[in-house]
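Shared between the two complexes below is chain A, which has chain B as its partner in the first and chain C in the second.
Let's look at the complex of A and B:
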């Protein structure tokens, strides 16, 4: 805990220490506490993702830092990521999860899914996002 | 340990179709360990801290 920490921040730091990857970096951006971690996928593509609480969205967001996702895939029903890099971890709410660990766990599954899309496209066999049954038809490409 | 990605896709899609985002059967649960590795609930031991992943669709 630091002098800047709110009770929520202190709780999230404790959860992060116990349940997020040991290499997770913690820091503040614009006064907001961020947890940045690397997700290694089975397709061999690493993802850098930041997790934070956004009071304006009343929940926790998972935002992709890298790699760059192609523009056509940045759609909630194609790559399941918004234009600003926020991953669709919120279920019915779309963007925000109710807690830090839900945002973390769903972003890890999302990374495995988008890694399959990237690897399939690179192999010349484009496929849809594999882990959601609400993809738009004709989205493969 | 790696996960069978085809089984993962089938499990998540079936649970979404059934409207069961948090199944109680460990074989149908998807969990993430501390390092972000995705596993099925029947692949982890009780003393290993994991987070169960809600399996609803990724956007409404």
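Let's look at the complex of A and C:
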């Protein structure tokens, strides 16, 4: 495990500096460089998300930090988030995105979608994830 | 143990059909089979019949009726763990075969201390600012474990918060470091890994960890309907890893209108099981078995089987694709003009490492398992 930047880390830092929100925090976890940002959604619900490169999946994962998503929604066909908090940003090819910016942008879209679900539930209405054609049939409560 | 003692439970002429082809040293080799379905169970049985005596079997699934059409399992195995059913099958061939069974996904077997757990620490204690301290738990830890844990925590400086929850997570971390029989241990015991999983995420993990552990691996894959398939060798320091080797396959996609990549489940990205002839699947598996046996006895200069792989490696041929149907995929082009072509063709390829590959690329890009 090295704490020094690899060429990939250096490239990602540069991309993050230029394209991610200026408030993005950076830190290493178990040798992995993490980029933590807050996405403020149109529904007024903030989401804290971390982005990092996963060598096993050879791509970038977006993992939700907060808020906690209710258990029944932690399903790639319902809330489009896995049990471990990894957000579906890879589609059918896996959990990962090929690059940091794609992971960032897709996780922002995801946040808008799940915020709509949360707002609908808070209003007592059934709902479903609005931005996917891979939902399980039917709405969830 | 002497050769005579080794063979105490076998008839004196058990090697009669192998003599001069497969050397006795094959009996000292240990093979890890990851995925015990139509591919893994067939390969394991063939290796056992060829003299391999020790296996590590990894697969979380149980035997279903649909498996019986193309595996070594029988109706009495329905509902049993595949690793147990396969273990019994192998011992049914030769009773002295030893099997270590792990009914888990490869992703669920920790390599060492759990990096994803550290990731969860961060997610849980997201507010940046201070450093979590290692809780003083009177758990017996070895010095290397302790140092590793400390390194993990130090590396998280500035991200982890001082939070009561972190103490609980720290305790979990220590438990993780004490867990025995991790993937690193398992890989350290085997001479070869056979990857026969239908889960790309598991395959990616195995690819990286086997390469980092210096263990050769053979990746077996089937295309849509088993009309074709591939066998990819990953030999650390000699050939590219699996991820890079698949680049050769992808480059061929431009030469063919046939869709070769099987459908994946959106949620899990696992390959969706689909109808296929067992004979087509096992055609590809048989090639993998011969390559495996060749790799396992490559050290024995007297064994001609070893030269099968060394000659391929001399030409840097570490990836082979097969076609089982006439006119399939790239074969009409690759075999254009060759006499007597119909089906069951192969093309060998020389894949190269991607410079920024985290497994086999340039040193500065490699990401070793934590």
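A few remarks follow.
In the analysis below, the second predicted complex is superposed on the first by the 135 of 141 C-alpha atoms of A that agree within 3 Å, B and C clash if a C-alpha of one lies under 4 Å from a C-alpha of the other, contacts with A are read in each partner's own complex, and residues count from 1 in each chain.
Everything below uses one rule, namely that contacts are C-beta pairs under 8 Å (C-beta built on N, C-alpha and C of every residue); 3 or more make two chains touch, one makes a residue touch a chain.
What you see is a predicted model; the values in this text were computed from it and never measured.
Of the two partner chains placed around the shared chain by superposition, chain B and chain C are both touched by A:134.
Of the two partner chains placed around the shared chain by superposition, chain B is the only one that A:116 touches, whereas chain C remains out of contact. In the superposition on chain A, contact of A:8 is made with chain C only, not with chain B. Contacts of A:67 after superposition: neither chain B nor chain C is touched. By the touch criterion defined above, A:46 lies against neither chain B nor chain C after alignment on the C-alpha atoms of chain A. In the superposed model, A:32 lies in contact with chain C only, and not with chain B. When the two complexes are overlaid on their common chain A, residue A:108 makes contact with chain B while staying clear of chain C. In the superposition on chain A, contact is made by A:77 with both chain B and chain C. In the overlay built on the shared chain, the residue A:21 is in contact with chain B alone; chain C does not reach it. Where the contact sets of chain A with chain B and with chain C meet, they give residues 76-77, 88, 90-94, 134. Residues 1, 3, 6-8, 25, 27-32, 34, 36, 48, 50, 52-53, 55-58, 63-66, 75-77, 84-85, 88, 90-95, 134 of chain A touch chain C in their complex. Those residues of chain C whose C-beta lies close enough to touch chain A in the complex are 107, 115-116, 118-123, 126, 128, 151-152, 155-159, 200-201, 204-205, 208, 243, 263-269, 356-359, 362, 364-365, 367-368, 370. Across the interface of their complex, chain B is touched by residues 18-22, 37-40, 42, 76-77, 80, 87-94, 101-102, 104-106, 108-112, 116, 129-134 of chain A. Interface residues of chain B, counted against chain A in their complex, comprise 2-3, 5, 8-9, 12-13, 16-17, 21, 30-32, 34-38, 49, 51-54, 56-60.
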